[in-house]
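Beneath this line is the structure, given in structure tokens, with notes to follow.
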Amino acid sequence: MSYVQQMIDTHPAPPAASQQLAACIQACVDCAQACTACADACLAEQSVADLVRCIRLNLDCADVCETTGRTLSRLTALDGAEVSQLVMACAESCRRCAEECERHAAMGMEHCRVCGEACRRCEEACRAFAGSLTA
Amino acid sequence: MSYVQQMIDTHPAPPAASQQLAACIQACVDCAQACTACADACLAEQSVADLVRCIRLNLDCADVCETTGRTLSRLTALDGAEVSQLVMACAESCRRCAEECERHAAMGMEHCRVCGEACRRCEEACRAFAGSLTA
Amino acid sequence: MSYVQQMIDTHPAPPAASQQLAACIQACVDCAQACTACADACLAEQSVADLVRCIRLNLDCADVCETTGRTLSRLTALDGAEVSQLVMACAESCRRCAEECERHAAMGMEHCRVCGEACRRCEEACRAFAGSLTA
Amino acid sequence: MSYVQQMIDTHPAPPAASQQLAACIQACVDCAQACTACADACLAEQSVADLVRCIRLNLDCADVCETTGRTLSRLTALDGAEVSQLVMACAESCRRCAEECERHAAMGMEHCRVCGEACRRCEEACRAFAGSLTA
């Protein structure tokens, strides 16, 4: 079992259905790392001048995912209505970054392909978790 | 002149009216630091058990302000519609944290009074900047 | 295969032996999340006043691990001598946090037990990676 | 008076001589923002391919400064010997970034000149604060 799920299970006030929460936290953490690595891989490409927008979106997405992952890791006084705005901003950031990465993946940039996958997984996890909050 | 304004002025593609942007970045950076410090000051209080919600909101607000300040510091391919969602989430986070801090400030917690001021200033700067994006 | 390893493998200038690097990045990312969650779990305990030092060390360790994981994810112009100082600071931060968590785990705090494991794993991964840099 | 100094002054357990601490926190926060902005300004330059190492060092320095500023903002259970390793790693990160920025400033990059100044100020503040810990 991942540390994320274990930390939720051992919290003194764990939420009722925690699988979507755990999946969302994990996806945020993974996506933040992939985006940080993709920004650097783009920087190392000879065609770096064509990748400026991708790097910019990677850096934004890394920061937003990290903040969302941290906020969702805090279960104390967690208020669904309050976090949904942040989670939806995170989903949008992932979508924008994924779209840009996918354009470069189609032209053979393998790090953009992997990063695009991480972004899409995080976008879906954020939308699923936000949906569970309002359900 | 602050480094924030100087960095905007020396950017190869500076925005037209940068004062509200500079003010918003500075307010985010200052608020993030104040919230980190307030969480710690609350931890050091004998009445820490009464300050749990304040600490939680401080930690969230610090993370959101830091990510917003970083995102707004990136002027390359800055898209107003895209950042406004994050800036409004930041304004809401500051408002929630300010309201909690002000409750404790009224009971004599001076660090909550100072932090509440930083949060209110950041909330206002975020709303003013978001307003300029849609104007 | 994890995103961390995939991102290294698709980088235009991947390092020669990347397993220790990938393990160290993953351990940093996992430990940062566990420490953020443990700080929050401690806050939710009735005995929060006894956990103040643990929360403080959790918050520090989360930040240092996050910065170390980000720095190691940037392979472009990566200089072994330059990063080893940061990696060793991270190992020390993990050791201190693990020792504190283990004290509380011995008294039944399950989240501190899980977090202490994440810290020990990260400490070891940092020492192994730093060792490979100077070998 | 800055929020940084006010937050120290209103902490329930403030340190004895806090001016060097406040200066170091403020320099870390300012330098982190300048480095984030400089990485982006470099990305927007036509000569981005010549600025890759500068961008990489900017991103590292932003993260290390942010973590150091956060850690020093936590006065509870602050242990001088324990933080000095991080503060010295921060000073080194600032020195490396300043040296790179100064090379580009000499060739007319004004954002690198401003960022180099922020890095040198932070390097000095870190060394002064670390010196006060061991005095």
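Labels A, B, C and D are assigned to the chains in the order they are written; within every chain, residues are numbered from 1.
Assume a residue touches a chain if its C-beta (ideal position, glycine included) is under 8 Å from a C-beta of that chain, and two chains touch if they have at least 3 such contacts.
It should be emphasised that the depicted structure is a prediction, and the values quoted were computed from it without experimental measurement.
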{"item": "Longest centre-to-centre distance from subunit A, chain (CA-based)", "value": "D"}
{"item": "Rounded Å distance between subunit C and subunit D, as computed from the means of their C-alpha atoms", "value": "22"}
{"item": "Distance from the mean Cα position of subunit D to that of subunit A, given in whole angstrom", "value": "27"}
{"item": "Touching two or more other chains - residue numbers and ranges from subunit B", "value": "40, 43-44, 52, 56, 59, 66, 70, 74, 76"}
{"item": "Chain contact topology (line, ring, star, complete or other)", "value": "complete"}
{"item": "Subunit D to subunit B touching residues, read off their complex", "value": "3-4, 6-8, 10-13, 25, 29-30, 32-34, 36-38, 40-41, 43-45, 62, 66, 69-70, 73-76, 110-111, 113-115, 117-118"}
{"item": "Sites on subunit B touched by subunit C in the complex", "value": "39-40, 43-44, 46, 48-49, 52, 55-56, 59"}
{"item": "Residue numbers on subunit B that touch subunit A, as the complex places them", "value": "52-53, 56-57, 59-60, 63-64, 66-67, 70-71, 74, 76-77, 82, 85-86, 88-89, 92-93, 96"}
